[in-house]
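Each in structure tokens, the structures are laid out below.
In the two assemblies presented below, chain A is common to both, partnered first by chain B and then by chain C.
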Partner chain A sequence: MFLEIQNIVKNFGQEQVVKNLSFSLDAKKTLSILGKSGCGKTTMLKTIGGLLSPDSGSIRLNGEDITHKKPEKRNIVYLYQEDLLFPHLNAFENIAFGLRLKNIPKSIITDRVNHMLKSLELENQSQKMPNQLSGGQRQRVSFGRAIITNPSLLLLDEPFGSLDAGTRHRMQGLFKNLSKEFEISSLFVTHDLKEAVLMGDEIGFMQAGNLKVYTDKNEFIADPETGVEEEIKFWGALAGLEKNVDLKKH
Partner chain B sequence: MKNRTNNFIISLFIAIGVIPFAAAFVYALLYSFGIIGIANDGFTTAFWSAVWSSGTFFQSFLYSFSIALVSITLSVGGALWATLKFRKQLEQKFLSFILYLPLAVPGIVTGFFTFQLFSKSGFFSRIGYQMGWISQPSQFPDLVNDVFAFGIVLSFVTMIMPFFLLLFLNVYKNERVEELSVLAQALGANAKQVTQRIFLPILIKKTWVIIVLYFIFLLGAYEVPLILGQESPQMLSVLIIQEIKQYDLDRISEGYVIAVMYTLIVSVAAILLFLPRRKPAYET
Partner chain C sequence: MKLSWKPFVLSLAVLLILFPFAYLVLLSLASDWRFPDLFPSYIGLKNWSKILSSETGLLTSFASSLLISLSVAIVSTVSGFLISRAVFYHPKKNTLTLLAYFPYILAPVVFAACLSFFFLKMGLFGNVMGVIIAQFIIAFPYALLFFSSFWNKKVKSYEDLVATLGGNRWQTYIKVLFPLAKGLLLICFFQTFLISWFEYGLTSIIGIGKVQTLTIKVFLFIKEANYYYGALSCCLLIFPPIVLLYFNKRYVFKKLA
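What follows is the complex of A and B.
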């Protein structure tokens, strides 16, 4: 397996936020993790990304134990809930940031960033500062900046949470395309049921620090804990109601 | 109603902020050309020529510029270093309260304290004598009224470093530098790269206007250089006041020449500093 998490535990004082976390992920796949606020999703991602140290357990990436490796040495990128761009750099330089750290020749950086800007449909926005970009554009720059460094693993923490429905839908499509184009392995955390189903090759459900990964989407839908059945019933009932209204009209 | 309020505010600003300054400047300009002044006989460029050829202004300007530059560099550098190294400790209530205290001390008091501490008959000189390090006050190094302006620089740094420290701590928090640093780390930046590419550029870019304004303020500071400065060259404000208060009435006009030149330089710098160059923000 590409990513292997074994028995990770993370406590804050007396509170156990992540409980005996174990799961694995194949390369070039996305595991979407559904969970309510405060269930330990962000702590889990930050622990895998090295921004928090686990109290016990191990993390292996591509066969290597990275449990105690510094975050900058892991080649894992954690993407915040918000589109956190570097305010002193324009869109081009934000995307180029990770490449400039590696002393890559300037011409190669320019080519790769321009290619990324094209993939993100941001060719005409490259010189704009973050405060001149819309929410969706900022989020795309944030993606581009993470993906261009070719990370082994991308950790996305509710990346579309602050976007309106339309922009969110477009961003979901864009992320799917980018994942395919750049062969990204990722953990995609969300509290949106539809998004979890749409974005993941596999789906997990996190509750009170425990993560359950489902073998397929049917098992996920069938589990009453996930709330999918309730959702289906709700929309089903609404559709039935509308049908009745239509029949009465005619 | 809104227009009337705006007009009133603009009129008030002109009455309080512009007219007195403009009147003083015109008065100084007329005096410098001999048009007004008790001993002057009418328009002349003699005072300007005298100041220009003596070189006093340029010496004094260079001296003031150097002192202001060294003081601002030490203050900003020290405050940045302290923000980077001791941010968490400095955010504690007691320490942040302590930081505000120097801001309440007037420049003249700081100048006197520095004089009392570092003069040849001051506190440290007496300690040195008691400890047997020096046998007479003249052996104590020149730390006030000295050629390197040690006392002036020390007073300036004591006065403004706490201000910059508070400013940087605030900007660090508001600009979310902590989260941006973590993000940079996740993108592969080591501690040195985080400092060079995130911490310093963000803090300096956000505060450079204030840094420059403080530099201009130090350039024209009066009380501290008056107490701790040397005879020659003097800092600009001290030189101007000394010239204007001269018994030699011709020197008064020369004092106004220096004042006009200094005002013009600072005004041009301020105009360049505040020229509008912001690009419009994203509009939805």
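What follows is the complex of A and C.
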């Protein structure tokens, strides 16, 4: 397995936020994780990214134990809900940021950033400062900045949480395309049920620090804990109601 | 047509503000101006030409003041920025922040008297290094408190992001934190420079008359009733802050706005 998490525990004082976390992920796959606010999703991602150290357990990436490795040495990029674009850099420089840290030759950086801008459909926005970009454009630049460094694993913490429904839908499509084009392995955390189903090759559900990964989407849908059945009932009832209204009209 | 008083009031206000400065310049150019003469018997550059002579020691004072204030401002601003970050992430940040107010509880002269024993033991009495360290003790807590508002969750997120993108601590400072705080760093440099530039109490006690900054010199001339040299040293005293104010207005406040 590409990513193997074994028995990770993380406490804050007396509170156990992540409880005995164990799962694995194949390379070039996306595991979407559904969970309500405060269930330990962010702590889990930050632990895997090296921004928090686990109290126990181990993390293996591509066969290597990275449990105690510094975040800058892991090649795992963590993406926040906020785009966190650097306000003093334009879109081009924001995307080039990770490459400049690695002292890659300028001509290569220019080629790669221009290619990324094209993939993100932002060719004409490259010289704009973050405050001149829309929410969706900013999030795309943020994606580009993460993906261009060719990370082994991408951690996405509700990346579309602050976007409106339309932009969110477009961004979901864009992420799917980018995942395919750049062969990205990722953990996609969300509290949106539909997004979790759409984005993941595999799907998991996190509750009170425990993560359950399902073998397939049917098992996920059948589990009453996930709330999918309730959702289906709600929309089914609404559809039935609309049908009745239509019949009465005719 | 209705007469507006606004331009007259504004002009009067500007004149009232500018008058002390214009008077200082006039006084620095004058000599032998006694009551009831309306104008001084001499107006010229005689006093100013004496800046270059060693007799008044003004040029030496100006140079040592500049050296002391630049050192204090640079060291306080940089260390204040770096240490305020450590304080922000410390579990006892509130206690540490409270401690930073300590040098301001005492009057500078009392504070200097408390420090004098240690400065004497360390051989820092009456030399420039001693004055720099003494003024740093006042300016550093100011810088620490000044930067405490800069650190927040968002800045922490930026730091984490740079780390996951492969950046080390040095790159985080150079490529992100310093550019983000550029405006604040310049303002803090300006403020700590002014704290040091106009400092009198600590400097007079720790410097014991051997380190004569411009502020000390102004007081000496006034004590001697030499108003012309006093005005001249005041003009020199005002010059660097005006230059800094100009740069701040042109490069800092414009960007912050």
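Here is the rule we use: the second predicted complex is superposed on the first by the 250 of 250 C-alpha atoms of A that agree within 3 Å, B and C clash if a C-alpha of one lies under 4 Å from a C-alpha of the other, contacts with A are read in each partner's own complex, and residues count from 1 in each chain.
Convention: contacts are C-beta pairs under 8 Å (C-beta built on N, C-alpha and C of every residue); 3 or more make two chains touch, one makes a residue touch a chain.
These numbers come from a predicted model, not from an experiment.
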| item | value |
| --- | --- |
| Three-chain arrangement built on chain A, chain B and chain C clash or fit | clash |
| First (chain B), second (chain C), both or neither touched by A:Y78 | both |
| First, second, both or neither for A:A27, with chain B first and chain C second | neither |
| First, second, both or neither for A:N131, with chain B first and chain C second | first |
| Partner chain in contact with A:I104 - chain B first, chain C second, else both or neither | neither |
| Clash with chain C, by chain B stretch, listed 1-9, 37-45, 55-63 or 199-207 | 199-207 |
| Overlap of chain C and chain B interfaces on chain A (superposed complexes) | 49, 51, 70-72, 75-78, 80, 84, 86-88, 97-98, 100-102, 145-146, 149 |
| Residues of chain C touching chain A in the complex | 154, 157-158, 160-168, 171, 175-176, 179-180, 182 |
| Partner chain C, residues of chain A touching it in the complex | 46, 49-51, 70-72, 74-78, 80, 82, 84, 86-88, 97-98, 100-102, 145-146, 149, 155 |
| Chain A-touching residues of chain B, taken from the complex the two chains share | 175-176, 179-180, 182-190, 193, 197-198, 201-202, 205, 279-282, 284 |
| Sites on chain A touched by chain B in the complex | 49, 51, 70-72, 75-78, 80, 84, 86-88, 97-98, 100-102, 128-129, 131-134, 137, 145-146, 149 |
